[in-house]
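One chain, subunit A, appears in both complexes that follow, with subunit B as partner in the first and subunit C in the second.
Now for the complex of A and B:
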């Protein structure tokens, strides 16, 4: 029975409406409790900013990132954020580390923990390649992990939609989550992955998928209905059609509107739209490209059925990786960059392309602005999750830098002063003076996630919650983030303490301990008759089309380190 | 009698996972679906000599010792070494690879895989130009043009063409072989070439010239092509380019004829560019015909654990990678290692003479189920269970799909994974003592 008492913490816990109030936090056996005995180990927070552990709900940290590593060995040596990147020799406590955008697995765990983050959600798991994702999860220390499984270009999914078999579709999604040990339904460029099987793409919500006679809109709606029928903890998680194309903000808003009619089965959003920065572009070409963020924000401000994350751009090198295969090919051709592609039989596509965001490029400057505009123009922070879509917009190790953009108009002005006039004409950021406070930042980096993913034990400091806690070397009230942003960045770059399940894993910005994290996966219950009927259909898929047998497709228990099975009851 | 279905064959990079194995009294008595190579591996379990016991070389002879004695001797070699080469690890499980990497990290060793003499240049090519690829099922279901370049699956991957490529049938390829064009580019008319619709014979070492010529044509510059390239008449190259451009879905499978001939990784680099260019006209992908059943897995595990796919030097405490300097043969030819640990590979048979001569001079630890030429120069030898038959674990197919290999029968031998773990423990103990 281990007990810890954190004394004198300046607690910022939006889930309880606590805004930097000085109080004590009691921990017992890895959970937050009301009180502890006099034997408790004492951590004196000395009035420092204390939040629940950070929760990155959309990051590419296991699976596809390995393609990024393998084609960019140069990334291993990059040390653009000292202390959080580059080559670090092994120590008695830690394994050797490399990398910046595509760190090795150990570095991912250590560095997120240093930022005070304790939970991550891998953004895309191809079902057939899920074992690989879990193998990498096993080697990412400290963090709790979950992943979203890809369903948006899946043959069985599209056939059930075409044949109007919603119950079997639900059974299939439940089975797919179980097979991949996934946490939720990810839809990437719906239908586009299948079209890319022929080197093509879909152009919008009503452009039929070749050979399958369904539209992206139908894929989205059917999977959303199934998601709610199965009462999954997370909503569908959507990467919209037309990502990265000027004018795509219209498709994004159109997609959001489609979901107005979806009734969520739980106390959370009906739709999560991911890395909206890449999907909030106005203009008709790269010549007249400009921000579409005001239009998207305007819609989001008037809607209450959705949440989104930013996909904020960080200037410098990044590595794009997505199941959106056609986008990556287009990137590689446009930028004359190396191109990796991995189409996934019967299921989806994917690609990886490195790139460089330069403040001198007006397009990149506007992209940078769009992410911030979205965060600042959307009034309710509970709708917003902070991400860089790491490492697509930039590596997660830049989160502290990005926080300063959100918290300081002066800091933004500094960056903006380096932009060309053309860039300034295409963005609205210079006219925005909103500055987030610690409370709003806590919402965007941990509290909103708790609700978005229905993980009540995460992202807050209520008694009963996991004792995943970050203490930052900041004295709220004695610091002005809008001018003292350098201090803010430093404090968020290396937590004074990070606790994971009540264990001190980071102290003074250095790794103290490297426990293994949990793996969350969802087992959605489906009536056996429906499941059996569905199994007959997929048996045919395995017999005729897949190149692995069904029994070898399912991720075995051996790959799950400290699994947490979340069961839900499907409604049939 | 127990019948085990969907067993994964641990022979080649095709990693066929539909093998049915009958086991009676802990003996494999029947094997269904396996090819001749896979079959002989399963059967070989019974027929071939195994290394029966741990051994240590004393007075020039390998003599049986206890497992603990061998672990102690091997750990001493590692602890006393200033520059250990850890090599092989491709005919074993990912779990073993992971342990081997940790051991290399803790001992400041260089770790490299058999890709050093195989598809290593494929990894380098991907670092130059990326790897435009797909899972094998995409080929099965979509490809109407399949090109085998510098590889001979009839002999090296016998079921590849039936399960994944030429003869396979899928959703958009119902006619199988009849609906497909099969092309072979090689330096000699192999048995695979004999099955093709079109065979293009090129001069040895001229792959880069032909790939470059094809790229020129695909990009609309056939005017720059001389009358013959790589020994192939221009008209034939034009015809080949037309077939590729007009396909619905092209896959180029390439083997060591591409990776280990002249121009090495530049061939793969150009091939990747050709695939990118072809995608302006059609859909095209490429897949390396990886040989050992888990050489792909070594690359995957090493990449996520160290950032690099092979030739990883831990002397600095962090991973350092510079193939050409830190590859197994680079080190051996420079006579740099003062000890080596070799598992699931046979450099004694496959490395250049100069490299083997150096290996013979230094203490060598070997982990393998079977004696091979490397055993002749080994100083500590561990017999191991055969992964995929006597031990379970993960392996990666040539298209980077991972599968769990089953344990089919019990074995008296320790698994590679256990041996590496015990060795690491002993090394830690000795280091603490010192």
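Now for the complex of A and C:
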């Protein structure tokens, strides 16, 4: 097959400790190799910044986003980031694109590729709705995809925890991942989704879930133990209790502390806490609301069992979408906004609410600052994954803009200068002068993900890895990101080249080719005796409660485009 | 003064999307230049001259440019979209989205108008000497604000959802309207001289005056005495309390 030689690349590959060194990269048959023949096609990088393809480990790009699309038809005409949003007519190579926060599936693939991203992880798949998620995955071109399946408010999960049946619980989680063709265990406001079925919420880690007599802490611990028993490639991925409430930083730290006793079964974290910006609020109400980022960062700096992602806020319109039903109800009431609410049968809740982050609102200004504070106050970038929880904090097409906040104190000052005195009093960001370099940015946007998700072939440029590569129009030694942030933004907004499995998919910021991406899913092996005992229990659930039969519930391989099955051995 | 007279060569069945047919785009242009302006027809663009006979008298600035459509243009959409000044006279009926997003100037329609007349307009004036269809002065689907300024006068009747989500400006209907006029009104003024059904639901602010009969008045309003407007005494309702609204609904 084809061979490519990328010459004179200024390579930034933190997995190998390479910090903007000029070298050549050889590609053969979609993989990075040591050398190629003289017949290889040559791409001259001319000293430009070259990284592995970006990896967005937490994005809402398939599934619930469709509810966002239907309640925000006006999003289709929004064009706030020209070139990466709005309505674009079809071309010879691309299909028609619309939207900003909730773009159509094709636009999601094209736009991520233009940013140099080649892998995404859908953050929440309700098991029963997995078929829909995979239908959307199929229509997102270029990118490799995976998704996290929801288990945090599931009846069967909570019953097994209450009845102290960890083996059956493991069998159920393994079956749930298979049924949804999911990659990992997502826990959203543990227990809260079920409580919301009764119009309630859980208030903290030790508040029992109505009718199940289990606490969020028990749900978290049991699922974490199962996650390690099954040796899953990713740790549990947790959206903490009390999201969006002033004072919730304490719950977040408490949750992180719980996991100190979890021993990871692989070389990765024991816990991933997601969109921590929404969970790092201090104060007791919206009146005395202030940043809780220093306390959270302080704990994270002293701990080595966890990773987290930001959930950075971008000013402008956004669409919140989460399985955290009660939060969305609160949002809709507080903001007098449109509200979509769904009951996911025996499994969870879900809600969608559009909102607008304004720099004039002191709450929004502080939220904006908290994301950056977390990224800058946590010393080790390997613990941090950059996200906007797209589109909850803002659309992913704003990543280049957000990179400038991380790389330039001057750019931050520019934004901060528009804030009110009250907002400034509630944040610590103005006192932080740290500026990330390209190396640290590469860690937060691709290399850390490779480790967090145990995908050694992603997020690095080692021989043997997938040839997913982004070349940006930046000459590392000759640019000062802290002052030339406009250039940085422009370069990251349209990669000079994006290669996906050794194929040029983006050239000079325009789509060149639209190959189909792979779908990763995890098949965790469970002894058949335990599996069949568990099946008997869920058969009752399907007979008594579910609206679908078990045979129609499972997502078949026919639904997956280029599936990649990752098998793990459960320890029983 | 520049006057541009347009008449359809033959009635079209597939709608023409004339979204750039406004004084801003026509001012100072010759007949040939205007004929060459591209408009969408089906899934392709064609010169305006393919569909219309165009006659230009004089040449002037945008403010002093007048477009006159002779005859029926009931399959021509988006006439006067985004216009900022000047005048458009339509001597016949017009298709949807006439005056969409207009910022200034004047449109006079001597016929009927299809849905979305004056949708999202922020200034200027529309006078309709006929009947209007649905969603007069409303917002694009999903948007929180429709019309924000300007005035729409309808000398006939209008159908449902008149002034949906309007945030400013004024709509005056001399005839009657259909269901749910002023739904989600957020600061606009709507006067209906005829009858209305279920007016001003989910109104947050603004004023709605109905001089004719009201059917199915919603129960989510507080009655607060009476108010006199132009020597007529109305019953005054404040709401919609469902959304904590402070809008004023005056009915007889």
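One rule holds in what follows: the second predicted complex is superposed on the first by the 572 of 572 C-alpha atoms of A that agree within 3 Å, B and C clash if a C-alpha of one lies under 4 Å from a C-alpha of the other, contacts with A are read in each partner's own complex, and residues count from 1 in each chain.
The rule we apply is simple: contacts are C-beta pairs under 8 Å (C-beta built on N, C-alpha and C of every residue); 3 or more make two chains touch, one makes a residue touch a chain.
These numbers were taken from a predicted model, which means no experiment stands behind them.
Once the two complexes are overlaid on the shared chain, A:102 sits against subunit B while remaining clear of subunit C. More subunit A residues lie in contact with B than with the other chain of the pair subunit B and subunit C. Touch criterion met: A:89 reaches subunit B, while subunit C stays clear of it.
In the superposed model, A:154 makes contact with neither subunit B nor subunit C.
In the superposed model, A:59 lies in contact with neither subunit B nor subunit C.
In the superposition on chain A, A:71 makes contact with both subunit B and subunit C.
Judged by the touch definition given at the top, the superposed model places A:545 against subunit B, while subunit C stays out of reach. Note: residues 71-73, 75 of subunit A belong to the subunit B contact set and to the subunit C contact set alike, using the contact criterion stated above. Looking at the complex, you find that subunit C touches subunit A at residues 139-143, 204, 243-244. The touching residues of subunit A, counted against subunit C in their complex, run 71-75, 77, 336. Touching subunit A in their complex are the following residues of subunit B: 5-6, 8, 17-18, 94, 98, 102, 105-106, 123, 126-138, 140-142, 163-164, 169-172, 248-249, 272, 276, 279-280, 282-285, 299-301, 303-309, 314, 316-321, 394, 396, 400-404. For subunit A in complex with subunit B, the touching residues are 62, 65-67, 69-73, 75-76, 87-90, 95-99, 102-106, 128-129, 131-132, 135-136, 139, 155, 197-199, 211, 329, 332-333, 337-346, 352-353, 544-549, 551-552, 556, 558.
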